[in-house]
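Each of the next two complexes has subunit A plus one other chain: subunit B in the first, subunit C in the second.
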Partner chain A sequence: MFSKRLSHLIHLGMLAVLIGLPFKLHAVAYCALRDPMLAIQTFYPGFTSYRSYLGVVGPDLRRVLDETLPYQLHFNEFGKHTLYVAYAGEKAIGLVHARSEKGDWGLDEIVWSFNMDLTVRDFRFQRSRSRWKDNLQDEVFKQALRGKGIEGLLQFLDADGSKFSKQISGLPPEAEKLAATVVRSALNTIVVTEYVWGDRLQVGRE
Partner chain B sequence: MKKKEELKPNKSIRRYLSFVLLGTLVCGLSISGFFSWNFTMLERMQYEVSSQSLTLRELQDLGGKLDLLLVSADLSIGAGETYSAQIAINLSRELRKYLKNMEFDNMFAYEARQFRRLRIIELLSKLEQQIQAQVEFTTVTHDEDRTGLLEQFDAVSAEIVLLFEQIFEATKKHSEQMSSALVARRNNSFGTYAMVLLIYFLANAIIVDWSFRRIAKPLEVVTQRVNRVMSHGKGLLPSLKGPLEISRLAENFFLLVSQLEKKVAERTQALLEKAETLEQEISDRKAAKTELVHAKEIAEKSNKVKSEFLSVMSHELRTPMNSILGALSLIREGGINAQQETYIDIADKSGNELIDLLGEILDISRIGSEVIELKNEDFNIVELVNTCTEMLQSQGQEKGLRISAAIDPEVPHFVIGDSSRVRQILTNLIGNAIKFTDRGFVEIQVSAEAIDNGNHVLCFSVTDTGIGIAQADQSRIFEAFTQVDSSLTRRHPGVGLGLSVCNKLAEVMGGRCGVNSKLGAGSNFWFIIDLPTGENPLHVTAGGQSIPANPPTIGNRVLIVEDSESNQLVAHAMLSTAGYKVDVASCGFEALQKFGYKHYDLVLMDLQMPGMDGFETTSVIRSLPGRKGNLPIIAFSANTFEGIRTRCKNAGMNDYIGKPLIKDTLLTKIGRWISLPDKQHKSVLA
Partner chain C sequence: MQLRDSVHSERAFTGIANANNCLQPAKKNRVNCKALCVSVTVLAWLLFAPVSRAQSWDDKLRWTIDFSSRLQYLTNTSGSNPGQFNSVGVDAFRVFSSRYRDVATVNLQINLWCINNLERRPGFFDGPDDCQLVTKASFVNFAIRGDGKFNLLVGHPELPFGLEVPVSTNQTLRQLTNPRDLGLKLDWGVGANGTIGGYHYATTVGRGSGVKYKDSNNPYSITARIGKATDTQSYLGAPGFGVSGFYGDVLTRVGSISNRWRLGLDGIFYRGGFGFMGQLSVGKTDSMDTINGLAEVNAVTRSANSVGYFQLRSFNQDFSTGWQDAWSAVAGMRFTPDTHWALSFQLEHELSVFGARTEQTIIDLQLRYRK
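On to the complex of A and B.
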């Protein structure tokens, strides 16, 4: 019926439409953490309790992202999102949040663990169909990200934020695309968290 | 092994050329086949590479659809988007349909890729069920059930991606391998082509070398052997390993050579035998030639002896005849009666006939000996003819004949030649005409025709009304000792030498004699000679001198040197009666003695004398100083042989008078020489 190139373009257009759908109309967050207890237990084995904070991410977040980051990150994940805060007793010891990013095959869902100062503590793939995901879940790569905030994470990307630019031992070149996705996901998560739940986090830090 | 090969029968050139053609054909077909095969392989590989590239692009397109499907599925699964679920289901169905129709080539990992393709189709069906289930789960509230569903979805989708990537990677790898192989083949093709061409050229070189050794080499060997045969005359038949035709050619050639050698040997033998025969013949001929030379020498010697004998005989006969005739002349002058005069006339006539006969014999002898020498002097042909006519006029008148002479105006008066020989021929012909004519006339005619270089052909003709000559006899009358009729011989005396002498003399002078006659109607004898035009010498010339016609003679002193007393007497009588003072010396010594105390105006010198002959005496006189050594000397001899005049001139003599002496001739010559001044005493001898 259509030529292959035209067919390809149509599919890309459909993808763009799908991603750009106003999910708030459906009222269900699709990047939800599947088993929050297990996830928090994994990242914070000594936690005693956790709290979840529901927030709404709207189109105004795009302006915030543009102002915060030196480059434009693709972001269309609007709607309700849940931030989990782990406690050890009364003290908040960390944050857990799940985010979706466009991967090679469908959407990659990454579960992030941040320190209370919004520096990276750990992460894991809730879903990724990339063959290189195991390379990124290696401790060397995680260790490289740990403790990094926005400034630190930007060092891993090139000037326009599209490519991974850091040399990490053991990381094959084919996995760098997924690594860049991971870094951008971290940056998005930090900015979104700060923007949506910044007030609550400030209370928790205190 | 080599001997075995030589025993093989040779093949024809056609067979060899067939081998060469076959070899070349096989080489050509091989290389053509190789190139075709290589091109086909390249084309096929190119097709496969293109096919793989196409498959790869199709897979990339499928990958894009799969990605879109997964995104839709993720959205529908994660957020329960029914719209996304519907899109995902539709994409999955489309993908399945596409995969069902998809065909992989069977070159590389066909089974694995087929399996994976089918597995993906299966999983996609499963995925559709899960998406459908998720849509139905929108009312489900149990998180555990939802989580299990998500995990199943993740597992299925992960397997789909994994299988798809495996298919893609395998196809990509295959495509890259094919591309590499194609590039490698293309790169290697040049080397391969070069190698194949090299092999082709080597094969052709081997074929050419083989054909050279099989065809050209035998020819070369045969040529060398033939050259050797040509150079050395022999050679051996080569043992050829080559074309049949060349072998036969060589065999035939050497067979031909052997046959030729055999023929040559035979002919050489025949030639040797012939040469021996020829040598024998040459030897015989040499011997015969030697004998002939010897015989010739003897003949020449005999001829010379004969000539000398004739000369001597002539001299010995003329000398007494001179005396007889001189005596008769003196008797006639001394006063005799009529009866005595008649007897003297008879004696004189007989003597003159005898003298003529001796002359003819002498001439025929000279002609036979080829010792005639011709004079080359200016003479008046008109005067000669008139003189001859006048001389024989009285003879003709005695028989009652009319003698006349007619000279054509074209005839030059003076010609160069031997006047005495011309006179001899003419006198002979006139005499013959008178002799054989009893009545009528004898007419002498002379005509001339100018030819090149101032020469004239003179034609002398003597016509008579005599007895004539039969046609049958005309051809032989010029032969010696021939008379037409022997019976006539008795009536007309003669030995038949006259016409023969005439003919010979005319031939010697470059002319010829002939006769036109009819029996009983008279004859016409003629002779033609070719003589150059001469000049008028006035009378007698010698170096441009002239001799007066009527010289004074009286009182001059003449010395006669003569050993014969009769001749002394005759000459003395002739001169003294003419008024000369005459002294006589019997030999050369006596003559020289007389020179010592007397002066002479002229010497009449005999040639053959005892002691000092005339030649030697003349030489001594010429050596004397002053006028004595310069006086005229006239030779006086019965020797009429050719060459005598030259000898006389060489000895220093001025003129020559033959014996018998004729008084008028003697006096005329003496008178002329005496009248010349001393310084003009040059010889007139040839």
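On to the complex of A and C.
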């Protein structure tokens, strides 16, 4: 397609660009949930359509997280993220958002379903290699989280937010580390969603 | 009750103008280049179209610049070593929505690929030293129903066959068997897809010519897969299983037609830090019975920034002289210190090959950056 000399020049230019790139930049296009159909169909069987809302999560969010939550969050998912809104006709009936949390083997991807007032409706693991994930996807644990907002969810953690502190029937002690991760994931998602998409959700609630 | 309509920023995108370069030197490809340029321009316009009122927080567009540079060393060659493969491109994704629903998604992947002394190369390169503008997975997917159960796709998708559906092999050293098994990895065409009852289906009817649109000898491809829905595509692939079918007259790199049909079965599961995946396909290639397969074991570190894998690939065909097999063993690893950089190494050793060819060992090293 190109002459050999031009081809070599292009090679050199591409290599120079690659080598010269700075090691830390932001705004990578990253999304744990690009096709949300399985999640939306599972969470909202009666939905008729869904709409995606893209939002930019910037470094300023770190301050908000630090002010709102009792634990230090090593948040590094800056960039564009998508919030999905499920509709029944023209009525917005709920939200779907995916978050990645550090797990025992890589990242645990958790898909959250929230009511329009940002209380927990449901969740499921999209990806997790933990042997305890099925215990947490049990209806007893999910029922304990349902309807909880930030204040209610904080009751499941100790003062610094590092450990799970509630007794849940049928939940083995070994699963409590993952349970704390799930609760923190819900808290993080609520804060992020309120901060990035809050003005839109306000319109939806009215 | 409704959410506020999105408003968008005005954007200018000039990089796509490079597509016109393909019109200059090769007159024989002029028609195809025009078709490619028109398709790419339409997709790019859809992605980067200026819209009224500026708001950067909901422009519905995600895009990345993708650089990669690869060295390839062959242990048994008379040519010069190592070969080089350099790539720069854009990977963009945009959603179009009405007031209450998403109506279409556009995916665009345009790359400039340049090779130097590369013996093992895709068939559309003119020689071991060449540059080509390449359209990878680029398509519009129209949400016909709005509930995800029925969408219509137009463009240049990856064929929905086997592990290529859940596993992302875009610009990675680690590859699967579709290019050799089907003769195609991507194709220009139309398709239908959707998710119903926890299962995802996808089907395409394509030109049968692969990366470049060519209609000589009237090639075509028909591909379909149904499998457990996963919501995402990733390097290691979400766990699940699928069944696939393929039928087509595939245009080969020398311009002839290869008639093929395949039935395939694929699956992925994980246990702790280990992952297991496999694909088996049976069918015919030009009336000759064919059985092909891939088995992989992979392992990930606790931090998930390093992945190692071992693959066995097997191609078996009943030629007029009897069955022949081509086996290869592949070992590789990928180190991703952050979401931008990936350093990959792979060693492929051919244990047996078809015909009188000589077994080869191929060593690849690749550095990739996505911003």
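Quick note on the criterion: the second predicted complex is superposed on the first by the 171 of 206 C-alpha atoms of A that agree within 3 Å, B and C clash if a C-alpha of one lies under 4 Å from a C-alpha of the other, contacts with A are read in each partner's own complex, and residues count from 1 in each chain.
Assume a residue touches a chain if its C-beta (ideal position, glycine included) is under 8 Å from a C-beta of that chain, and two chains touch if they have at least 3 such contacts.
Nothing here was measured: the structure is a model prediction, and the numbers come from that model.
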A:Lys80 in the overlay: touching subunit B, subunit C, both, or neither? Say first, second, both or neither.
second
Would you sort A:Glu67 into first (subunit B), second (subunit C), both or neither based on which partner it touches?
neither
Dominant toucher of subunit A (residue count), subunit B or subunit C
C
Who does A:Asp199 touch here: subunit B (first), subunit C (second), both, or neither?
second
Quick check on the superposed pair: does A:Asp35 touch subunit B, subunit C, both, or neither? Answer first, second, both or neither.
both
Between subunit B (first) and subunit C (second), which does A:Ser52 come into contact with in this model arrangement: first, second, both, or neither?
second
Do any residues of subunit A touch both subunit B and subunit C, and if so, which are they?
4, 7-8, 11, 14-15, 18, 21, 23, 28-32, 34-35, 104-107, 109, 127, 129, 131
Can you tell me which positions in subunit B touch subunit A when the two form their complex?
57-58, 61, 64-75, 77-81, 83-84, 87, 91, 143, 147, 150, 154, 157-158, 161-162, 165
Touching subunit B in the complex, subunit A uses residues 4, 7-8, 11-12, 14-15, 18-19, 21, 23, 26, 28-32, 34-35, 100, 102, 104-107, 109, 127, 129, 131
Which part of subunit C faces subunit A closely enough to touch in the complex?
1-4, 6, 21-22, 25-26, 56-64, 67-69, 84, 86-88, 91, 93, 95, 97-102, 112, 114, 116, 126, 129-133, 146-148, 194-195, 197-198, 200, 229-234, 238, 270-273, 300, 302-304, 338-341, 367, 369-371
The residues of subunit A that touch subunit C in their complex are 1-4, 6-8, 10-11, 14-15, 17-18, 21, 23-25, 27-42, 47-56, 80, 82, 85, 87, 89-92, 104-107, 109, 111, 126-127, 129, 131, 196, 199-201, 203-206
